[in-house]
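Consider the two complexes below, in which chain A is the common component and chain B and chain C are the respective partners.
And now, the complex of A and B:
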């Protein structure tokens, strides 16, 4: 399976894995001092799942490269994680990064599953299911922070915009990647960027409706 | 950060095996039903429940309440 044809797919897998790896790490580091006990406990539980997803994606990437995936040891990311997530240092930036990243990964993985690329193993069912939960958590917290008091909504919006911009750039690359398209891994009509933008719009418009 | 008043108390009811009684095993505070479901799964994970249900405490309908042990009293001012 290891050949030049897989280069883009390996980069894609590593990007998802790196972001999951960092998300897991940040969910523990920052989530432990979350705003409520319940939010912190959930954050730690989700960290375990995110690290599991990272491991799955690194394993997938190794298999695509023809490496021995069973002897894999993950110590650090490969440098493809989004800076907003890497530099997350408080609850607001963590939630913004968690939402933007999981929303994008969800769209990409579902697009791959929809394309049903031949001869490509896609072991993502459990990950997709768990990710829906993480997405719901992040979305609920986004909504709360957007309608919180004082400077919270404004500062959170800034973090969200930063995280969304980085993720959107990545989605543009994925959507237009000639190799992913020629191998029918991401279809021409996947509309990744459009769907992502529409999800973000729905989230931020929800807040405007709440203020009316 | 988040206003405490936005949070509601939810009761968690679970069933361990099929056919078991649905029993209340605990409660939690959550901002909305979606988060209540997620929190319940993450906090009360000591069993592999076949069924989990959360209900907002203030959505329960009172049929009967225990008689108070003591009469309600207060400190009169002046």
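And now, the complex of A and C:
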């Protein structure tokens, strides 16, 4: 299966894997001193799953490259993780990165599953289910931080905007990638960017929606 | 799928316990299929309860070790799959009862 045709797909797989890898790492590093005991426990549990997702995606990438996936050893990311996530150093930037990244990955993976590309193994069902729980958790924290007191909402919004901007850039590339489109891995009408923007808008404007 | 030929291997794997609960990997519903390849190789298709399971290598080693004790078996191939994903409905009735005894709802 390793050929030029897979180049974009390998980059996509590694981007998701790297971000999951870094998310797992950050959830442990920052999450251990989360704002509450519940937050710390949840962070560690999610870290384990995020690292599991990273392992799954690296394995998928190796298979696409025709490498022996069972002999895989991951010691560091390939350099495709988003800077906002890599540099997350506090609970606000961690939650912003966790939400933005998982929301985008959710859209991309679902778009691939929807496209049903022929001859492409798509072992993502378990990951999608687990990821839904992380998304729900992150989204709920986003809402809590956006309606917190003092400087928290403003600073969190800055972190969120930064994380969202990086993720959106990636989604634009994925959506417009000629190779992914010609191989029918991402369909023309996938609307990744539009859907992502709409999700972010719903999240950040939740107060207005609640008051309607 | 259990066949006459593979039944004894399914039985053998009821002796391999999940490291977190004293329930066999068969009763946990982790084993999807066992096939015999040639005269001396067994292929096991299996899954885990979570993609982040920290005991994967441990469980695979236990499975391999147990099946290699079977007469004439020299190699065990383990294929991990995520479709269909594991859910509590994979648990056997025996597994559910054991979990209940341990105070875990399924």
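Simple rule for what comes next: the second predicted complex is superposed on the first by the 206 of 212 C-alpha atoms of A that agree within 3 Å, B and C clash if a C-alpha of one lies under 4 Å from a C-alpha of the other, contacts with A are read in each partner's own complex, and residues count from 1 in each chain.
Heads up, the rule we're going with is that a contact is a pair of C-beta atoms (placed from the backbone, for glycine too) under 8 Å apart; a residue touches a chain by one contact, two chains touch by 3 or more.
Computed from a predicted structure; not experimentally measured.
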item: Contacts of A:149 with chain B and chain C, given as first, second, both or neither; value: first
item: Partner chain(s) touched by A:140 [first = chain B, second = chain C, both, neither]; value: first
item: Partner chain(s) touched by A:83 [first = chain B, second = chain C, both, neither]; value: neither
item: First, second, both or neither for A:130, with chain B first and chain C second; value: second
item: Partner touching more residues of chain A, whether chain B or chain C; value: B
item: Those residues of chain A which chain B touches in one complex and chain C touches in the other; value: none
item: In the complex, chain C residues that touch chain A; value: 47, 50-54, 81-86
item: Touching residues (chain side chain A, partner chain C) in the complex; value: 48-53, 55-56, 123-127, 129-130
item: For the chain A and chain B complex, residues of the former touching the latter; value: 35-36, 38-39, 41-42, 45-46, 91, 133, 136-137, 139-141, 144, 148-149, 152
item: Residues of chain B that touch chain A when the two form their complex; value: 1-3, 6-7, 28-32, 34-35, 38-39, 41-43, 45
